[in-house]
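What follows is chain A paired twice: with chain B in the first complex and chain C in the second.
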Partner chain A sequence: MILGANYALIALGITLIFAIMGVLNFAHGEMYVLGGFVTYYLYGLFGLNYFLALLASAATVAAVGLAFERLFFRRVLRITTREESTMLLAAGTALLLDSLSLVVFGEKQRGVPPVAPGVYHVFNAFVPAGRVLIFVLTLGLIGAFLLFMQYTRPGRGLRAIAQDKEAAALMGVNLDRYRALGFAIGAALAGVAGGLLVTEFAVNAGAGTPITIKAFIMIMIGGAGVVSGAMLGAVVLGFAEAVGYFFIPGSVTYLLILVGVIVFLVFRPQGIMGRPWG
Partner chain B sequence: MNVLRAVVPAMIAGAVALTVPNGSVNAEQKVLKIGVLGVMSGPAASWGLVNRYCAETSAQLINEQGGWSIGGEKYRIEVASIDDRNDPKVSVAGAERLAYQEKIKYIIGPNVDTTAAAIVPVMEKAKAINIPYAFSKSLYTPPRSNSILGMIASYQAGPVIYKYLKTQKGVRSVSFIARNESDPLNQRTEGVAAAKALGLTVASSEDTYEPGTTDFTPVMSRVVRQNADLIVLSGVAPADAPLLIRTARQLGYKGLLSTETAQDAKILNEVAAKAANGFISVGGASTPEIRSEYMDKFVQRYTKVAGEWNDEAGTKVYALEMILRTLALAGPKAISDVEAFKKAIPTFQVQNPFLKEAKTLKFVGAAYFSQPRQIGVPMVVNVFEDGKFRTLFIGSVE
Partner chain C sequence: MTRKVLATAAALAAYLVAIPFLLRDSPYLLGVVTTASMLSFISLGVWLTFAIGRINIGQAAFALIGGYVTAVMTTAAGASFWLALPASGLIAALLALVIGWPILRLRGVYFAMLTLSLTEAVRLAALNLAGLTRGATGILNIPPPGPLALFGFVLVPGFSAGNEDLAFYYLAAGTLIAGLLLIYRIDRCRLGWIFRSLRQDEGLAAGIGIDVAKYRMAAFAICSGFAGIGGAFFTASQQSIYPSSFTVPDSIFFMLYCFLGGLSYVFGPVAGTFVLFLSFELLAELRQYQTLIYAMIMILAMLWLPNGLLSLRMAPAGLGRRIPTPPRRP
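Moving on to the complex of A and B:
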């Protein structure tokens, strides 16, 4: 459950950006890494309050997302309808962030002091207190995100664009402004995830790509562009990993997961809760 | 941000150096180019970057002294680096570029078996020598002769560490965990054989994790459940080691943990902190109590070049020095003819410049590869204690 909740936060951002812009954000893992490093520097090195550092992670990565949307994606989406253009652009931004992270933050793994030290011994299981804190914060953030999407005007605007952008535009939704907002929120979620998980899993400049791959697996399972699907995909992947690694030795776990995803997509390419692509 | 402060001026200096013709620095001085080929991006970036930083640091120190003397003439050392992204195809392209375009005969790297094996034909055809940090014996065994292992292999360090732990710490059983990649898996297989040969009970050895894993709880739960006296982290990357250690301790594991690869104390301290106390790994010339003045100077300069010291460099400081010192022995002909270099290998012998204690530095490995194709890096076995490494003992491949 803890693993699934962590994954959900990552998957939510990537699915939000896909839903409102049709962009597969390959740089999502790198944004997660950036969020982790901001928390590392502010909380781990400079001793700032952890929650302020977390806020700074979200704000920094949101600003990067906003800049990407404004400088790159908005223009490309305006001048072409070819999906591969945005995919290549997204891959380019991922490489850009990856290389910049290595130059700026160096090659080493970075970790921070635990926010909640100690380990709980519950029945036969050992549960680190830090993970419990991450789990609670993640659930709170997901709840806040869902409430924002459901009950606020910007949230309704974003959902309208995800459902039908032409109709949303006709109803007075400013597409450019809401797309920028959606990209910034999606990026901020990656930043928050990085800031949360750096306390338990540390971070390094090369950690982005595996995170992006896992995020794509989650949204493929749950359904790209659907918020509830992203959460479902995250829980399924987290559960499959935890159970697989515990009961099956060797590298068979991920082999089974990937084979399972391939077989699943053959029969339901849109994922559990998604719309058929295209 | 000290990394940024260090890297940006270095990048600017590098860019300037590339645009300024070599002759403008010293019109009379000849240039000896050395290649560095390895993984310098992605999750394993530290392996190749440490090689590069070591070569650049040594080159700076040597050039400040007027260059390296071969046959009575001083050569300015230049380092050309290529990131192979741990991809054999990129590694081959990089090796071809260094060997044919840059006309480089001596290359440091690559870092893993797959990339090191991929460039063997390039090295042989181009008549070049390389110093990989990969452990596959076939790279160094006849008919191959152009690759020289740059560090202690896991199958050399493993038995020594296990024997020490068996006799000194009473270890009777051992579990292995490895990353699901060829190098770590090979190291695990060799570790299992070494443990069995010593009469240790192998409690488990099938547990692996995927590259990029951050949450090791599921896989470590299986390993900890075996309750072995020792858990060996086979071929573990410095980024993964502290997370594996911390997870094992969080799951209630009270036994010993070790690895046969080099680690970094700062990473262990930041990520695992006290959980890493007692963790045993292999170092080079890292710990202050064994370092010579020359090594201290190297550490200071490395810190300027890379932004901060990395203990992995203690094992990788040797490569460039060994190439240059062997060239000095073999003479100017060896700069363009690696056969002359090879002929000098069996007779090469100097005092280890990086250690305080008088130890011989030479090419070794004949017992493993039927020919001396390994740099005789001392086998420094360290234990992590309260944020620092302490040297347990210094062994030798021989």
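Moving on to the complex of A and C:
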């Protein structure tokens, strides 16, 4: 459940970026790792308040996302003749962040002490309090994100761009500014997810690529570019993983999940919630 | 025309005679050129799937399959490398037909994501099918290629410790030239135009009577066959294979090589691979900053040359022909 909720944060971020920019963000896993490391340093090493550290994670990764959008994606979107190029650029940025975090953070596994002490006793099961806190935080963030998209002015603008960017521009939505905003929010979601999960699982510099693949699986299940699909995909993957790890060894679980996804996409190429693409 | 022939001949001579002659005393550099040649060959396959408008990030999956086919055939079955090499390509291509039939129906981002997952799936399969692949320990001590004889007449002498580097160099060079000629031929004949029409609009292509499913599977199978042969080559030259020999980053690299060389040119993947791979090796001095600077070079190249290195019009004569690019869809 907790895993599923956290995956939902990751999937939401990647979906947002995809819907707004048409860019498949390969660097999403790396952004997640970066977020995890910021929290590790501020909270784990310097003993800062956990919530402040989380906020700092989000801000840092959002800044990175913003810089990427400003410096790289905007230019390439303008001058390229083939739509594939943004994707390749994203792969390049993923490589950049991956090697950067390897140089800066080293290759050691980093974990932090639990956020809240003690355990709760619920229905014959012991649940660590820290885990409950993270679950609640995650749900709160997802709720806040959905409310933001639904009811605020920037949220409406973002949804308009996702639907039809020419029409949105005609209605007075500043495309450049909102794209930057969307990219920053998407990146920030990855950063927060990293900061939240670092308390449960340790983080290391090489963890980015598997997370990116998981994010891809989630949006393939749910449907690319659709918010509800992203969340559904995350829950499905979280459950499949939890059940799989319980019964069979880890790497077989993923093999089965991947084969399952391929078979599933044969019958429903656009995912559960997605609209037909291409 | 004469100039083109002369230029091609000069390039071939430099590649086949001058490079091995100059580098005969430094196995390391020769090895780098050998690896670059073989990576180019694998990237050529990816280029073909770009030509039909699919972004293929699954090339490493088929390279891994080809590698394991060779490893199993030469160790467990005791077959000759010269039999295992084409068999690897063939099996990879056949598997591509089986897998390609369903997944080629996907387009754009979905196809890209799925092929990426495929790379991971094949790695996990290799890890878990311990009976055949020996799991994480990999298959070691793969014998070097023996002599190739036809009707008692020795065509290629066996690869032994003394001539190994040069022998692998010529094998890689020969494979690359053959692959380049094949792809060039495909690009120039009717098949090339069919592939380009698939890239522009599959619905329209079907409308004028092209069997879309057949041709896109053909392109995917050729592409994966190239990967299989490439995987077989690396298995033999490194004499070992592990589930982690070809992984997701490799798949992404193959795609990037094509892209940076220029998607509109047959010679693009070769140029891209050589420039990128050689610069990567030159950066080896910088140790841990190697990948960092490499990634920056790649991003800068994409920023300034979004249509590939060869858009600078440095293409060798005869190979640098622009394919009309489709107008971007709104």
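What we mean here is this: the second predicted complex is superposed on the first by the 263 of 278 C-alpha atoms of A that agree within 3 Å, B and C clash if a C-alpha of one lies under 4 Å from a C-alpha of the other, contacts with A are read in each partner's own complex, and residues count from 1 in each chain.
Note that in this section a contact is a pair of C-beta atoms (placed from the backbone, for glycine too) under 8 Å apart; a residue touches a chain by one contact, two chains touch by 3 or more.
Only a predicted model underlies this, so the values are computations on that prediction, with no experimental measurement involved.
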- Message: So in the superposed three-chain picture, is A:76 touching just chain B, just chain C, both, or none of them (first/second/both/neither)?
- Response: second
- Task: Considering only the touch criterion stated at the top, classify A:103 as touching first (chain B), second (chain C), both, or neither.
- Result: both
- Message: For A:155, using the defined touch cut-off, is the partner it touches chain B, chain C, both, or neither? Pick first, second, both or neither.
- Response: neither
- Just chain B (first), just chain C (second), both, or neither: which does A:24 touch? second
- Message: For A:246 in the superposed arrangement: first (chain B), second (chain C), both or neither?
- Response: first
- Message: Just to be sure I follow: which residues of chain A are touched by chain B in one complex and then by chain C in the other one?
- Response: 98-99, 102-103, 209, 213, 251, 254
- Query: For chain C, which residues are in contact with chain A within the complex?
  - Reply: 50, 55, 99, 102-103, 105-110, 112-114, 116-118, 120-121, 124-125, 127-128, 248-249, 252, 255-256, 259, 263, 288-292, 294-296, 298-299, 302-303, 306-307, 325, 328, 330
- Message: Can you tell me which positions in chain B touch chain A when the two form their complex?
- Response: 1, 3-4, 7-8, 11, 40-46, 49-50, 180, 204, 206-215, 217-219, 221-222, 238-239, 242-243, 250-252, 264, 266-267, 270-273, 306-308, 310
- Spell out the residues on chain A that touch chain C in their complex, using ranges where they run on. 18, 24, 26, 72, 75-76, 79-85, 87-89, 91-96, 98-100, 102-103, 166, 209, 213, 216-217, 219-220, 224, 251-252, 254-255, 258-259, 261-263, 265-266, 269-270, 277-278
- Note on the structure: Contacts from chain A onto chain B in the complex sit at residues 3, 6, 41, 44, 98-99, 102-113, 119, 121, 126, 128, 197, 200-202, 204-207, 209-211, 213, 241-246, 249-251, 254
